[in-house]
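Below are two complexes that have chain A in common, paired first with chain B and then with chain C.
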Partner chain A sequence: MAASVHKLVRKDGKKSHNILAPLWFLLPALILVAIFIYYPVFATANMSFKNYKLFDQSNIFYNGFENFRGIFKDLHFHRIIQNTVLWVSVSLFFQFFIGFGLALYLKPKFKFSGLYQGIIFIPWALSGFLMGLVWKWIFDDNLGVLNDMMLKAHLISTPIPWLSNANWAMAAVIIANIWYGVTFFVIMILAALQGVPNEILEAAELDGCGKAKSLFLVIIPYIRPTLILIVLLRIIWITNFPDIIFGMTSGGPNEQTHILSSWLVQKITYDQDWGSGSALGLLMLGVLFIFTIFYLLATRLEEDSEG
Partner chain B sequence: MIKSLATRKSAAAVTAIALAISVLTMGTSSAADATWNCKPTKAKPVTVRLIEYFAGPARTPLLNAYARQFEAKNVGVKVEIISPSQADSPAKITQLLQAKNVDIVEPAGAILGQAMSAKQIANIYPYFSKTKGWAGLTDYSKFQAQLFGKNTTYMVPNGYYVKAAFVRPEPIAAGAPAVLAKIKKGTATWADILAAKSSNTATASMYAMRGARASFTQAVFIVRAYNAPDLNSGGYWNKSTKTSMFNSAASKEALDLMMKIWHEASPAASVAWGYPEMVQGFIDGTAHYLIQDNEVIQMVDEKFAPFDSGKWIMAQMPKGPTGYSAQDVSGGGWSVAQSSKCKNIAANFLDFITTDPQHSSFARAYGVGPVTKTAASDPFFKTGAWAIYDKIGKDPKELKLDGSDVAQTCYGEFFTQADKDMQAMYAGSLSTTDALKQWATFWDTKCVNPYKK
Partner chain C sequence: MFKTLGKATKISVLSIWFVFTIFPLYWMFLTSIRPVREVTKKFYYPHANSTLDSYRTLFKQYAFGTYIKNSFVVSFAASAFVIFIGMLGAYALARYKFKGKSQIMLVFLITQMIPGLIALAPLYLLLSKVHLLNTLFALILCYVGGMVPFATIMLRGFLQRIPPELDEAALIDGCNRFTALFRVVFPVALPGIAATFIFAFVQCWNELFLAMVLIDSDANKTFPVAERSFIGAYYIEWGGLAASVMIGIIPTVVMFGLMSKFMISGLSAGIVKG
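Up next is the complex of A and B:
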């Protein structure tokens, strides 16, 4: 059946194999991918070895690994790496578990469950930058609603410097990011949960499984491939998600809330240092690529050993 | 033989005429340049793309209205206004210039210097100086338009941004009445601003400091006040030593005072304040004293209280120990891109929006200082909150700098680095001594010293 796909009927009535036929069909997609994905990657790679500052376009030249050296030598580099790890791990942890909990809660049908699901999904439909601006006013040191509520509830006696202190500011952007990303896990896990056949759950119940046992021994193993995939996707997306940070702190104070991707945006848009920004982009691409391979290999190895 | 001689003679005549034409057209390349002779028709329309730097509700609709009026008067011309957010505009303008995909730009801040060094801006003087728009400019606007040399125009001014203080008298009267009296007289110093920390309350502070983008301008205000009148016309060099002003002992004293004002008289949150947050901070009462440009008048008037209510007053910027202050009075403007395929049409549109009543309506609506003679004589710009600018204009101890140093190519790099240094100083990881040393070295090594040209 599959082979017959490649057999074309010639004018003389004879059948011939044309192995190029699938390539012709793929060509439009390949061209688009090449133009919009691979060309920018190669252009970025090329630019990362150049002194390319928009402030002085008369002085553009190849400078070897200087941009990469500059990144590693930057005063804030270690803090930015720490921030990135913290940003991804803490955000992911809370987004996943809160999202999982909400998905389990939303799975059974109840009155207005559709409306409730719709409300929960709203954050995912909003612009990250816009949400950053909203959270910025919520966390505002002087006029923010959060400090105001905490003061009125006597939880604090002086306003917390949410956005003017580096550590508080990092906590604030992570809180906002957790809120923003929970929805993604709810949507994906809920979809996966709805795919678990009721017969299996009923069989588990007949075999004496309680709700907790069903969850850990039936549901989670069943939706495990989905969980692996969405966790991987989310790690990549959170790493590449500077929107909220830019909306709330622009990486400040003193560049202490930057993560790699927000630092990259700053280098391109504010510093106008395209060479250094490209080098950072290339490094991020490399790190995420290696991480993805290891992650997929590790989860596969685990599956094999279980199998 | 005769035929050959005749041919040679005619050939020589043609060559002579060609040579004469080429010599005559040397130096007036714009006349021969096809990009200055665009002739749009209904069948062959032309689109002129303009990108603004300071897009906003007060001016963007007006610019679009002018574009439609211009289109109606010029068959075959379409004017497209591009209005990025102010945070994005520097990058967007730079990218469009680089992509050669724009006709008119508003090269504010560091963009003009960098675009000129990359030869991306056209000299429109030969064409524009013959227009009605040029004839209507004030003498100072003509001087600004020729800042880079006589008979060269790389930017046509579209409005002046003059710094003044927006003051809430009530809280200052309660905590620092003596300082308020000085502020009203126009004799308050930066040391007085620190002294007025006594007007701080649990939720409000005296001074609206700037911590985010362009925070270094705060340092420049105070450092200039401490160095004036020993400043060049651009305001970054000492006349006496012919080196960067950041080398002087007065600069160190000024920056130390600025840090005290930051620690003791400013809201902690202002470390993250950029332009909108500073204005909002004043409007909502978090800060009593704000230094900003004239276009803020309209915002404060609308969002806080009308000027006539007396809830806020306008004052001159604080002075240094010698009684002087200094600021750039250079403003923004429009430039025609070198890559424009229809420079004459672009220049015609600039002529249209620079002519009154278009410009005066623009200046009134957006709240910028007028660039034309007729608009400058409009009583609107001399009364109410605007009266302060008349006072500033007449005060010989408030030096008006021409912006020539801000237009240097090196300024863009200084801008970004100095902003980072300000953040580091606020966070306590950089001393004022080290910051000044870096800035002085930067200006002395990377910029053009006007005394050593």
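Up next is the complex of A and C:
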């Protein structure tokens, strides 16, 4: 390859002679990203203004904002928005704080801490859909082990309708999601904690900081940029994660446990209403985009005013 | 006194979380070894009449051997391919300075915000145009395409920590950029590459919706899609489902368990600092 004659960029930042060399290396990645990620965005945007039903292919035409209107007018729209906000905020809250707590406990090595970590990290390696099915089996109103245990422990006198009552079902899917997602925070926060230099902690101790004080005054400010980033990544990820709901309730009973992304899956796979599904996807993309910008601005502003 | 109290709290918190984490899988295991007629009975420990019948059903009544093989082929091929493509891109981003570099980084980073689900319909239409529907190859392509940004960003993080003097020396010894990358840099970056590979493999192994939309024929189904065959309109075959879940989680759990210690440093280096 001709690139071999060109000099490497050194740490002092000397420029490479050939602009094309790095582009050749990047070309395969860029082509794939263009075809499999960006093209679908444009195709979705286009399709969202069409009447496009997979089972009625002879009847495809542009219908303006009809799909969007249909979404806003949908009987379950408000409930789904409510669910999405609950799903994201409650899951995130518990995942973050449980994950943070566990990471603090796991930072100092103890006997079997490697084994312990290996085991509690397992959910991360599992399929959200499969685990949705597993939790469905546990939460089952009549056959589920959870009701059985609670009855035997005399915590309840009649079985809780975990999956047949909309509000209980929403609680159930969120519990499953917390179970599933804590691992991510433990891994990320543990890694961040391990990056805090020991000298700083020792200096804080010398200055008379207790454990709690050094946590809030030293550790948290130090890992703050990491925390901000992983919380953002996680909010986006949880929003786009219908797998558990799909496995546990498929949005039921009576569409009452759908979030935006599981509703999207339903529109694409079951209803085969691709126009409406695309419109929903475009809305989600827009909301996430705006949210990300505000989030980054807000955290940046806060940092500026502090510094 | 506070110290012992603190220690007791720590032990109980860690124990509770341990039980909470492991219980659903333990319960699924118990379900999988119950006789089919007693699948709904609630024994909290393995019973005398435990049986492997549910596991046998998977391979006799259903073609789970095929589904698992398909999942392996797709996950392995897609992960290997994405490492190759990602290494090339990561190398350019880690070693060269050029105009438009930050824009290209942005192109990769923005993808993390795009819901992968919106690609379902467009990719179905695209792949049907090129007559690739219902093939494992189509699935591999889509997975590679979807994972390129994260793999590139993550690998870039690892490559940045390898001193450029290393490939410089290789160039002087007569390698070109390409051979320097794969013969000299690749082995040094292996821990990071392994972490990226496992991350990719787990994602492919667990992917459901694209596999559901793109694959129709039973012979090409992947493992998560096949799970759905246990779910009827009014009835779920819990024994078979439990057995298949137990089998289906083995590959990723083993992979992850073996690597978990070093995944922490690996992932954080690639993602957070990348």
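By our rule, the second predicted complex is superposed on the first by the 280 of 307 C-alpha atoms of A that agree within 3 Å, B and C clash if a C-alpha of one lies under 4 Å from a C-alpha of the other, contacts with A are read in each partner's own complex, and residues count from 1 in each chain.
The rule is simple: a contact is a pair of C-beta atoms (placed from the backbone, for glycine too) under 8 Å apart; a residue touches a chain by one contact, two chains touch by 3 or more.
Worth saying up front: this structure is predicted, and the values here are computed from it rather than measured.
Placing chain B and chain C on a common chain A by superposition gives a clash between them. More residues of chain A are in touch with C than with the other of chain B and chain C. Within the superposed three-chain model, A:256 lies in touch with chain B and out of touch with chain C [touch as defined at top].
Look at A:117: by the touch rule set out above, it reaches chain C but stays clear of chain B. Contacts of A:143 after superposition on the shared chain: both chain B and chain C are touched. Of the two partner chains placed by superposition, only chain B is touched by A:271; chain C is not.
By the touch criterion defined above, A:127 lies against chain C but remains apart from chain B after alignment on the C-alpha atoms of chain A.
Of the two partner chains placed by the overlay, neither chain B nor chain C lies in contact with A:63.
After overlaying the two complexes on the shared chain, residue contacts for A:299 are found with neither chain B nor chain C. The superposed model shows chain B running into chain C at a single listed stretch; among 41-49, 239-247 or 275-283 it is 275-283.
Of the residues of chain A, those at positions 143, 268-269 touch chain B in one of the two structures and chain C in the other. Chain B meets chain A in the complex at residues 88, 90-91, 94, 98, 110, 114, 117-118, 203-204, 211-213, 267-272, 274, 281, 284, 286, 409, 412-413, 416, 420, 423-424, 426-427, 429. Here chain A touches chain C in the complex through residues 1, 3-4, 8-11, 13-16, 19, 21-26, 28-30, 32-33, 35-41, 43-44, 47, 98, 101-102, 105, 114, 116-131, 133-135, 137-138, 143, 145, 148, 179, 182, 187-188, 190-192, 194-195, 226, 229-230, 233, 236, 239-240, 242-243, 246, 261, 264-265, 268-269, 274, 277-278, 281-282, 284-285, 288-289, 292, going by the rule given at the top. Touching chain A in their complex are the following residues of chain C: 10, 13-14, 17-18, 20-22, 24-25, 27-28, 31, 40, 42, 85-86, 88-89, 91-93, 95-99, 101, 104, 107-108, 111-123, 125-126, 141-142, 144-146, 148-149, 152, 164, 167-168, 171, 175-178, 202, 205-206, 208-209, 212-213, 224, 227, 231, 238, 241-242, 245, 248-249, 252-253, 255-257, 260-261, 263-265, 267-268, 271-272. The residues of chain A lying in touch with chain B in their complex are 53-58, 140-143, 161, 163-164, 166, 169, 249-250, 252-256, 268-272.
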